[in-house]
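You will see subunit A twice below: alongside subunit B first, and alongside subunit C after that.
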Partner chain A sequence: MDRIYEIACELSSIPAVSGREDMGLHRLAELCGDYFDRYELTPVGSFIGRIDCGRIGAKTLLFDAHFDEVGFFVSEICEGGFLKVVNIGGIDPRILSASEVLIYGKRTITGVFTSKPPHLQEPGESEKPIKLTDLAVDTGYLKEQLSEIVSIGTPVAYKSPVERLQGDYITGKSFDDRICIAAILRALEFLKEKELPVNIAVQFSGGEEIGYKGAATASYSINPDFAVVLDVTNAYVPDAPDYRKDIKIGGGGSISYSAKTSRKLTDKTVAVARKNGIPYQLFAEPNRTGTNAGAVQTSRGGIPTVLISVPLKNMHTANEVVSLLDVYNVAKLISELAADGGIDL
Partner chain B sequence: MLDLIKKFTAAFSVTGEETALRSVIEKEAAIYADGISTDPMGNLIVYKKGENSGKKLMIAAHMDEIGFVVTYIEDNGFIRVSNLGGINSISSSYHTVRFNNGTPGVLVFDSGTKPEDIKANKLFVDIGARSAKEAGKKIKIGDTCALTPVFQKLMNNRFTAKAFDDRIGCAVALDSLRNAKKTKYDTYYVFTVQEEVGCRGSKTASFSIMPDYAVALDVTTAGDVPGEKNQPVSLGKGAAIKIKDNSVICSKVIVDRLTALAEKHKIKYQYEILTAGGTDTSSMQLAGAGCDAGCISIPTRYIHTPMETIDFSDVKACSSLLTALTEEGME
Partner chain C sequence: MIKTIERYCACISPSGSEDEIREQIIGDIKNHATSWEVDETGNLTVFKKGAKASGLKILFSAHMDEIGFMIKYISDEGYLYFDLIGGIDRRVVAGRRVVIGGNRITGVIASKAIHLQKPDEKGICVPISEMYIDIGCTDKESASGCVSVGDIAVFKPNFEHFGDGLIKSKAIDDRFGCAVLVELIKRELPYDTYFAFVTCEEVGTDGAKQVGYRLKPDIAVVFESTTAGDIADAPKSRYACSLRSGPVLSHMDGGTIYDKALLQYIKNVAEENNIEYQIKNVIAGGNDSSAYQKSGIGTRVAVISAPTRYIHSANNVVAETDLESIRELASALLERGFINA
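Let's look at the complex of A and B:
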């Protein structure tokens, strides 16, 4: 699990706001290129890596996790060194006030979201929801200096280091979905010396947060025979709806039964988990899963897909919380699934 | 280019029924093309061979406009309609319309409707008929209509018309095709259908072309009018290079290349971030294994109303920028 922590720290620090994955794609390739026989970077911000098993006529199993993260683009450079921004992906503006961000202009600078202190508020104002258009990012520069560094469209992302909490919990930014990239890389480490019954293709896809774009195009390019999509899912917290009660941090990967996935491949995944004594939990998502699963499933002539999610708290914030044990169990599960020759649909 | 703009805005071309405008464009484009074809969806694909045939550039401007389709005819001859695309019901009503067969009418809403309740289901068309039977001689269920063309010159070489969205994009594409001395790549000028109902034409066209690079031409909201906020694009400040809209985040290589070409040729430009609305850019970017896609936007006021308003200097800037890209390519 220390190894997963190590990979997670490296991955979390790479900036890759949706649609501008190119800002971090080369660092990702440096970090994980050696895991693959060959790899390529796509125009839609995805990393595609392949490991050939050497068997003639072998089928291809795809692992998908998305590389992009929610963030912002600069929309206006204002007097006094303030920046107006628009959100890229789903962000709750209530979490932003007074938080730090990094602004990836000609050089990278730090900014802080503005905050109206209690002293200056009208009575009752703090009860009202805040909108992103009410906030600005304060940089401390003069407008003229700032215009030299940033322009409209410059990406902005959370600034937050990875920290260990109690036990095997960790907190940090972009665990959605870098933690699943960590799981895939760890799974490839488990498989390293083994003979594989299938070719493995991996897509660390871009544009998930803005409509599953990298997954749709990369899986078209890979054309796999079956696919495992890994994403994060909201773990139960006290104010969450009742139906999420059974998604627990520490309970293992959450395997989804959904119309967007293959029941046969999902059953197979559950069977592999049981056979190997790997903890897992089940979740039913009747139609939408909010992940790449749907885009991968409907690529080309259709690809049988299973969705496994790592339980996570505080999704789309600078302090997402996951359990390293869950990540380890997901890594274990997908490596056993790949090693199991029996995926035959 | 004004000749093209006038011709294009006058032609009938409601979403799904783009035939009339397509023949107008085809006639204009034919002598500049190395190949011209219409695909099963109705997209007009104008091909120009490039100096370097290893790569393909696709340019898309949509021919269709928002409009109405007849849903049923009431006993007293009034014609009920449903919207095709994102109609602004308030600004469309109390305006004349023209059906695909040329029949004129007026678009109005149920008397006494409160402003907040004015939706497409309150709209009807009065063609002057006295009964359903009489109306049925001219109009049948499924017929489409659009607002009657308007074309008016304003001060400072600004113009107002219906359906500048996206006839102005079609005009820019064709003007650029006329002016291009050469094209670097095999270039496909595609005049697409059904953009207003979900970029459907560009989906299939880009799938059959499978471009390496793609640029859409479409209108974008100008924020320099009373009541608009957080929208930095202005009329007269040049071609708008799109950063994003609600359907796409433009590929950085295209944004950077258009910026560099604008700087090099001293073409006025501005950046555009649109938080609503989509363009053909998205479907081109996602065709097959994906490609580098971007968009040159024409700043436009009052989009999806009968009085869309543009500045001709912006239109010329957009055309020059597109020509620079088609002639010089990506490097």
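Let's look at the complex of A and C:
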């Protein structure tokens, strides 16, 4: 699990706000290119890697995790060195006041979201809804200096180094979905010396947070026979809806049943988990999974897809929390699924 | 001085738990002070003998404590519920990283994911009583092994230079004030001077009340952080003060109407030394001056403040030039010894 922590630290820090995956794609390729026989970068910001098993007529199993992260784009450079920003992906404005960000301009600079001082607030204002438009990013530069560094459209993301909590918990930004990239890379390490019954293709897809476009296009390009989509899922926290109560951090990967994924491949995944004694949990999300699964499954003539999720807390915040043990178990599960090979549905 | 501020800001010393910062300060001043003592409630007072006595008992004061949190309850799920130490806008709390207690346990103030929020919850920050800290424990027993009810927590130390000469960190309020005073204690001073590093400013200026009672100064000058409202979308008339415009002097705030002659004296000294200063243009906030002013038979008080954005948050923002100017002004005041102030 220390190995997963190591990979997670590296991956979490790569800038790749949806739509601007180009900023981090080469760094990603540097980190994981060696895992593959060959790889390519796609025009919409995805990384595609392939490992051939050498068997004639072998089928191809796809692992998908998305590479992009939620964040912001600069929308206005204001007097006093402040930036107005718009959100890219679902951002909760409640967690932004006085928090730190990195601004990926000509050079990377630190910024702090404003928070309105008490003397400027109306009575009871802190109990009212806050909007992103109420805030700005303080860069500490004067406007003229700032205009040299950033422009409209410059991406901004949380600044939040990965850190260990108690036990095997860790916290940091963009575990959605970098932690699943870590799981895939760890799975490939497990499979390294093994003879594979299938070819493995991997897509670290761009654009998930803004409509799954990277997954749709990369899957089209890869044309796999089966796919495993890895994403994160909201673990139960106090005051969350009751139906999430059984999604627990530490309970292993959450395997989803959905009309948008393949029931046969899902059953198969559950069977492989049981056979190998790998902890898992089940989740039902019939219509919409909010992941790449639907885009992959409907690619080309249809690709049987299973969705496995790492339970996570504080999704889309600077301090997402996951368990390394869950990530390890997901890595184990997908490596066993690949090694099992009997994915004839 | 900036390095000292960084070291002081890293201390985990909210109100009532000032031991760590006090030890740091004592380590820095013990070879320079004429005498120093720590009183029963933790205030550190220092006397520095000058070349001569000015005839006035002059006190320079800064507070050691910072805003923070105290653990109130450990839930069956291993979450830590807490309350605030000092005044903190709930909107700067959710989603931040904290350090808890002497063992420096890292925790995250949880924030329910946007996906799980009901429509009427969106954008509305939950009250502090419903917030909790996640340290990675999943039950009460394991959490109780690391943390106890009554343990304190603060925002995770995060000192950093950024922008054009700005600094951001937790607790610049008022560790910068402590650092300014320490700088002065290290020098040879022309006049006898008292210095106080007080506790519990953030919970009601408690330390200053005690120090004022004991020392009975003729003049108390408080070095503090004050809210700068010079941010995007704020009207200039309501800025209170601005970064990069020098030390902030006050006529009046939420706790004190300041000594008029003393304020004029400080302005004169600033002008004679070409130190740019600004006057706080809103009546809000408060500091240890209110305690000194009311102690014993009363004390003449003044405040010299660093304009600070996002005060009482994880990221106080100040300009280095303002801090340097405050040090210069403090130094110039001691040179003059408040003669005829």
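Basically, the second predicted complex is superposed on the first by the 344 of 345 C-alpha atoms of A that agree within 3 Å, B and C clash if a C-alpha of one lies under 4 Å from a C-alpha of the other, contacts with A are read in each partner's own complex, and residues count from 1 in each chain.
Rule of thumb we're sticking to: contacts are C-beta pairs under 8 Å (C-beta built on N, C-alpha and C of every residue); 3 or more make two chains touch, one makes a residue touch a chain.
Every value quoted in this text rests on a predicted model; they were computed, and no experiment measured them.
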### Task
After aligning the two structures on subunit A, examine subunit B and subunit C and state clash or fit.
fit
### Task
Kindly classify A:Thr298 by the partners it touches after superposition: subunit B alone (first), subunit C alone (second), both, or neither?
neither
### Message
Touch test for A:Ser13: subunit B only (first), subunit C only (second), both, or neither?
### Response
neither
### Message
In the overlaid three-chain picture, which partner chain does A:Ala218 touch, first (subunit B) or second (subunit C), both, or neither?
### Response
first
### Message
Contacts for A:Gly250 in the overlay, against subunit B (first) and subunit C (second): which applies, first, second, both or neither?
### Response
second
### Query
Which one hits more subunit A residues, subunit B or subunit C?
C
### Task
For A:Arg164, select first, second, both or neither according to whether it touches subunit B, subunit C, the two together, or no partner.
second
#### Entry: First, second, both or neither for A:Lys84, with subunit B first and subunit C second
both
### Task
Measure off the angle at the C-alpha centre of subunit A toward the C-alpha centres of subunit B and subunit C in the combined model, and quote it in steps of 10°.
100
### Query
Which of the two partners, first being subunit B and second being subunit C, lies in contact with A:Asn234: first, second, both, or neither?
second
### Message
Quick check for you: in the superposed arrangement, does A:Asn276 touch first (subunit B), second (subunit C), both or neither?
### Response
neither
### Query
Touching A:Ala98, do we find subunit B (first), subunit C (second), both, or neither?
second
### Query
If you take every C-alpha pair with one atom in subunit B and one in subunit C, what is the shortest distance in Å after superposing?
12
## Note on the structure
The shared contact residues of subunit A with subunit B and subunit C are 84
### Message
Taking the touch rule as given, give the residues of subunit C at its contact with subunit A in the complex, in rising order.
### Response
75, 77, 79, 87, 89-92, 94-97, 105-117, 122-125, 127, 130, 132, 134-138, 142-143, 146, 158, 160, 162-166, 168, 227-234, 238, 240, 282, 284-285, 309-311, 313-315, 317
### Query
Which part of subunit A faces subunit C closely enough to touch in the complex?
78-82, 84, 90-100, 109-112, 114-120, 126-131, 134, 136, 138-142, 145, 160, 163-169, 171, 234, 237-241, 244, 249-250, 290, 313-319, 321
### Message
Considering only the defined contacts, which subunit B positions touch subunit A in the complex?
### Response
229-230, 232, 243-244, 247-253, 255, 271, 273, 275, 285-286, 288-293
### Query
What does subunit A use to touch subunit B in their complex?
18-20, 22, 42-44, 46, 73, 75-76, 84, 86, 88, 133, 151-153, 207, 210-211, 213-214, 216-218, 220-221
